[in-house]
Amino acid sequence: MENYFLILIGTVLVNNIVLVKILGLCPFMGVSKKLGAAVGMGAATTFVLTLASGLSYLVDHHFLIPNDLGYLRTLSFIVVIAAIVQFTEMFIRKSSPMLYQVLGIYLPLITTNCAVLGIPLLNVQENHNFIESLLFGFGGAIGFTLVLTLFAAMRERLEGAAIPAPFRGSAIAMVTAGLLSLAFLGFAGLVK
Amino acid sequence: MRTLYKFHGGVHPPEHKEESNRLPIAPAPLPKRLTVPLRQHIGNPAIPVVKVGDQVLKGQMIGAADGFISAAVHAPASGTVSAIEPHAVPHPSGLPDLCITIEADGEERWIERAPLDYRNADPDAVRLRLRDAGVVGLGGAVFPSHVKLNPGAPAGIKTLVLNGAECEPWITSDDRLMRERAAEVVEGIKIMAHLMRPEEVLIGIEDNKPEAAAAMQAACRGTGYEVVVVPTLYPSGGEKQLIKLLTGKEVPAGRRPVNIGVTCSNTGTAYTVHRAVNHGEPVISRIVTVTGNVLEPRNFETLIGTPIAEIVQLAGGARPGTTHYIMGGPMMGFGLDNLNAPLTKAVNCVISASPALFPPAPPPMPCIRCGRCAQACPCELQPQELFWFSHSRNFDKARAYNLFDCIECGACSYVCPSHIPLVSYYRFAKSEIATRDMEKKLAEQARERFELKQQRLEREKQEKAARFAEKAAAAAAAKAAAAASGVEDPEAAAKKAAIQAAVERAKAKKAEAAAKAEGAETPAEKIPQGDSDPLRAKARAESYAASTENNTDS
Amino acid sequence: MVFLGIVLGAVLGYASIRFKVEGNPLVEKVEATLPQTQCGQCGYAGCRPYAEAVAAGKAEPNQCVPGGDNVAKSLADLLGVEFKPVGGGEGSGPKPRQVAFIDESTCVGCTACIKACPVDCIIGASKLMHTVIANQCTGCELCVPACPVDCIAMLPVKENIANWKWHYPVIEIKKAA
Amino acid sequence: MSTSILRHASTSAGILTAFAIVGTALLAVTYLVTRPIIAETEKQAKLALIGQILPRSQYDNDIIKDAALLPPSAELGNKEPTPVYRASKQGRPYAAVLEVVAPDGYSGKIRMIVAIKADGVVSGVRVVTHNETPGLGDYIDIAKNAWIRIFEGKSLSKYPDRDWKVKKDGGKFEHMAGATVTPRAVVKAVHKSLKYFNANRDNIFSLPADSPHP
Amino acid sequence: MSDSTISYKEIIWNGLWKNNAGIVALLGLCPLLAVSSTVVNGVSLGLATALVMACSNGAVSVVRNWVPNEIRIPVFILIIAVLVTIIQLAMNAYMQPLYLVLGIFVPLIVVNCNVLGRAEAFASKNPVLPSMVDGFVVGFGLTLTLGVLGAMREVFGKGTLFSGIDLALGESARQFVITVFPDYQGFLFAILPPGAFLGLGLIIAGKNWIDQRASKKAQMQPAADLPPSSVTA
Amino acid sequence: MSAPHVLTPDRSVSTIMLMVLGALVPAICAYYYFFGPAILISLALASVTAIAAEAAMLRLRKYPLKFFLFDGSALLTAWLLALSIPPMAPWWLIVAGTAFAIIVAKHLYGGLGNNLFNPAMVGFAVLMISFPAFMTQWPAPLMLSQHPVGFTEALQYYFSGTLSGVKLDAVTMATPLDTLKTQLQLQHAVSDVQQMPIFGAFGGKGSEIIAAMYLLGGLFLWQKRIITWHIPVSFLATLILIAAVFYGIDGSRYASPLFHLFTGGAMLGAFFIATDYVTSPTTPRGKLIFGAGVGLLEYLIRVFGGYPDGIAFSVLIMNAAVPLIDAYTQPRVFGHNTKAE
């Protein structure tokens, strides 16, 4: 139990996938101009990432490892992810048009979020069991959502700032991400 | 004692009322020339009803109210209309506006003045009287009183609030008025109360005007009206703040006091109501405080239309060191560029400003988000956020943070340690947003008309096609008769010829006009030259172009 | 692997046919942002076609000249792309508003301008003088070339007290600098 | 309509499947080609690492082959069976290389290999992975500092238990000022592994070689 | 973009500067930031990416006419995944130390949006050779950014350049390591993730600055850069 | 000539900054008294660097130097940074930290009023993660030191990196927080650890008095209405509350609330750092949330995290949340949500 809790804290804060593990930066930079969009992206990612993390564990342990097909890992994970995204999109489109309105446009973007592949690969690397994999995916996604939301709010505020011309736009966003990452380093050591 | 409520924030700048409130109101002499703007109130400007050269009597209507939200303007003295043209007016833009200039003949011949027995008259007749007497709110917004004094709300009016707070520093005109003419003010209140039928009448006066409060109290004896002394805290005279102070009610955002059964009027307005109804005198003068860096600060009862320069002279003229003049109080007033501008109903104070009295603001620093402005804002806004968004032209956000609830009181700028002219940013953002909204509306209308036109064209095309098909059938029948000739449709040919002729004619006319006007340069000038008098035509064209914007309802 | 391939292929093939693009709500939003001048300066036959092109990603959002940078910026925000000023180069505010003015003494009543006006704001009948309803004129200038006698001019709307706007506060601190 | 969808879908599926099959085949070929090379490289890497603490000249067996799995033990700090590599010279046990984990580093686990000669003397220690603070705790890494060599030649008989501490705690082991947590953990782990070795020496050398997957 | 009008010059200009994947398009950022703590790491991964992109673009261009539109993307992803895995296996076999350093960022080339993006935007519409060039150039643009960022971080962080080159080129290459500041304390910030973000921010700003200078239109809205009192002296 | 035409006479940005600087003086005096003159060198170094960096950036950005250079904010950043890092550090450490704070954390964002992160704390955090060795070596209180360092000696150390005769170790030691943390890891009880000479009555020896001086200065600022009570109170209250809970659970492993209040940067943080206008929320509710957040993180990092004190990181993390907090804690505006008719 405590172990699971630590995994959550660890992935959300200490080893935040964006700021410390450096994964998922493309959506982090791309979908953080508006707070609303950031929240939507976070929600969509949370859903897909958790699912991908769990499913790829199953694929790895019930298909690849028994057949000694480790070299097909990348290939099969990416296929699984693409399928999940596709199914999710179709599913919520049918079942909840409301939800689709909110998350629909972000779903396709998730395929190119490298965290979605990175987390399953890290699961393999760190030998997580099924529950741990799920939590790792979930925690990672929550961490992603957290910093994405903070970051989007900051970027909205920066719109009015007297930033020197060359730094306006993505440059200052990068600097901000850097300082945010610096702040998150403060969590180091919280979970060993 | 009535329980007083509190509004958030507020500031207490040095009062500087002593300078001008010691001496009684002095009548101002008649100036030689009076310039009466047609736009002295919110709503449509008045329409001139006299011509250049006309003789007018004192108090004669020279501009009639145009529509419901409008008010009349009157000749402040008898004399001759010498001009009806744009003239400098006291306005923050510094732009001229249409005015009627009257050369006073010094005879002071009045129109016939008839009191109206308001108690027995139809309320609408009383309101009509107010409108034709040009009675507007003198508290600042110059809103036509006949519109306001209408208990339109279904629930009726519960409270009539008389605003005698005069919370701005330096100004003392209401103070002196209440001290000296309390009885007449109360007469005006009676008329207002008669029109509104409120359950209670409250007169709010700041505690730095004990004499005025005492005088009003005395005058109110037996009327049931209650004089309430409120703490001196700017902007307690703001309508919404005063209502909150006195009744504890908040006027909902974007609504008017009538929506919560309250009406608020300035005490000076009450006085003019009394003069208009009980004496038949239209609003041709007002009490104005002349203070600041002048020799003898004092209040004067001055005719509308008197040039500000002369008003300054009344107080002995400006002392050396005067750099500019402020119309209104130092918190909400604006700087005046042109002293030729005349006094209007809206001007309650003229301040001669010198660097000693009004040190120029140091250059603004960036906002450090200290939050002092938010602590001072009577509307409980977050001025620093409004500034952030207005400054960066993020208008959607500015609106979302309730920019339009800002009453532009200036309390925030007053306390800002960075000396940022916050209100200027809010005004900029507000007018920018308003323009965009209007443009949006116009665009929407344009789109609708465009689509209508498309539909119409489509329909016409179909009809034409149908007709053509019919015709074709007919033509086929008559094919044998019609020899295949190259002559085109005679109808079309005739039309073409006619147009050609017209074109020739027009060209000739134009050449003639061009010869007369000697050298037309810009196309804008080229066009009106067809008119017999090129200059007039140009003026016409310009005023035409300018007129487009005000016709769009607000 | 093969199995996954089959499943995925089938699903995608099905999905792509099943959910062919439905009406794009973006178009409406884009159109609502455009000034509806219908002038065609964007290179499209009016605002709607331009809106459709923008929504489909076929046109840059900085082509509407009357809208100026304000519109370009709103569109860029809407589409989530980097804002580029109108005309590529130096930024431009919206064009100062102007309206068409028909010199009635020269007008020959040919109705050519009526046909040209996309928003039907010229009134007049054949062979009679025509007048522009100034309020409704979008200033698109389409009527100007249509007139055979050159009697239409575009007049800038002059600033007066009624349409005056508060300016952006610029406080000069020259002496200090 | 629906049949055409089906046909369409099955075409798509067919093409996709074809690509999948070709791709997989390509991968399989590459895998088969590279597998031995990868295995060899890994072995060389391991040998090189061990070679740092146990000179190749000192033994003559294939140390990678002669490996056995040890059951998890608290002294080694691991929770899963870990390999022990045994070096022998002319058939006589010469030394063992243990994989040891120090769980209480400043920021997490420190993984090390410890080579202990048959007589219980440390031949060498290397840190394999660690997360210690760069510039502070990372002097345990041979790439940064030679500190880790202080264990060479140390044994339980040379130092009694109370000396197996950093100087600050009254022991015999040097440490850098301002970073005592890390060396404390390392010293403790080496100490425990020595004890483990002493207690299980016979077992270690007599376990059958099962050449666990490296 | 018809086949005949592709100018290689334009491809190169776009890929290396104008639309540089790392600093303008802001795609493929994770590997960019994660592995750029030294020049060697950065450039190696960059080259691996460029290689994948060249091959994947080529492969996509070859098959582009056989693939129905709706399964275009999955097919491309498949191709890319296969290529990446091949590179991964090859690196593991021949450059194992480097492979271990780069860690999961090698397989993550699969989800690098640039790879799919170029396949989709360019290769699926163009013949093989330009596609391969395009793929390589875009990848090389990324490599350049990685190299610059890596150099910045390495010099500031460690005071060296090309450290770890032995991982890529073997032990004998160790002599190429340059020590820029001898006796350097090491500015760890530059090596850690925050330094990566900040460094990239600086590079982007540098590019903006150069661009703004080049086209004199650095006319910024006065509103944004100046304090409330626009200094218009 | 825009309304209003009158302005508060008594307050400008520079007077505010000067008052805050003034409020730091008692603590600096105490610092001098307990830890020697080195702090003065740190302050001077930081001040010079800050002014130079500020001037350079203003010049580059073409701002008029006159108004901005002497607004006092750069000086304040410098002082707060200098007070947070150990005196007796090499000169380049202070210079690098201050320059980073002013250039990156302040001016890249547009200078005064525009920065998202507290510049001083950015400087501190950068130094902490980059040079932890220097950042954890604090001089011992004079009364505990075998070798009290004088002014010239300190100066010599700053620039040459050596002390004549003694090793630096002789004059520095781990701080109370640090000591407590390492000793607890060795399974000592809090009460035993607190018997060590470096501990004072309830905090560290000497440093508890400095903390009290910060408290004094903070109260002065509050009395002058330069800061509001919200942030300090919610910060300290949260810290006390959490510390009390853990203290209650196991008093031998968790130090008392009083200890937490008077050690490390808690007081400095509560009154001078978390209250920085620019980087804290402006709404009252936002301030309470912000303060509580800083307090919570401060305790977490201090007690469970890797760094000896968490004030810098907790402030930075909460800085990042400020725009979000501000957006969601907007107070009700006059006339909104009233029960209209």
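Just so it is clear, A, B, C, D, E and F label the chains in written order, and each chain counts residues from 1 on its own.
Everything that follows uses one rule, which is that a residue touches a chain if its C-beta (ideal position, glycine included) is under 8 Å from a C-beta of that chain, and two chains touch if they have at least 3 such contacts.
Keep in mind it's a predicted model, so treat the numbers as computed, not measured.
Across the assembly, the mean Cα position most removed from that of subunit B is the one of D.
Here A is the chain whose Cα centre lies closest to the centre of all protein Cα atoms.
For the pairs D-F and B-F, the count of C-beta pairs in contact is higher at B-F. Centre-to-centre separation between subunit C and subunit D, using Cα means, comes to 69 Å.
Computed centre separation for the pair subunit A/subunit C is 40 angstrom, with centres defined by C-alpha atoms. The distance from the centre of subunit B to the centre of subunit E, with each centre set as the mean of the Cα atoms, comes to 62 Å.
Multi-chain contact residues, meaning those touching two or more other chains, occur in subunit C at positions 1, 4-5, 7-9, 11-13, 15, 17, 168-169, 171, 173, 176-177.
Among the residues of subunit D, those touching two or more other chains are numbered 8, 11-12, 15-16, 19-20, 23-24, 27, 30-31, 106-107, 135.
For subunit F, residues touching at least two other chains, in rising order: 2, 61, 64, 67, 104, 110-111, 114, 126, 129-131, 306, 326.
Residues 39, 89, 91-93, 95, 97, 361, 363-364, 421, 424-425, 427-428, 430-432, 435-436, 439-440, 442-447, 449-450, 452-453, 498-499, 502-503, 505-507, 509-510, 523-524, 526-531, 541-542, 544-552 of subunit B touch subunit C in their complex. Of all the residues in subunit D, the ones that touch subunit F in their complex are 104, 106-107, 133, 135-136, 169, 177-181. For subunit F in complex with subunit B, the touching residues are 1-8, 11-13, 15-16, 64, 67-68, 71, 73, 110-114, 228, 277-278, 280, 282-283, 326, 330-336, 338, 340-341.
Those residues of subunit F whose C-beta lies close enough to touch subunit D in the complex are 130-133, 136-137, 169, 174, 182, 185-186, 306.
By the touch rule above, subunit B contacts subunit F in their complex via residues 7-8, 11, 13-14, 153, 155, 169, 240, 244, 249-255, 259-261, 324, 326, 330-335, 351, 353, 358-359, 361-363, 365-372, 374, 378-382, 384-385, 401-402, 405, 408, 410, 413-419, 421, 423-424.
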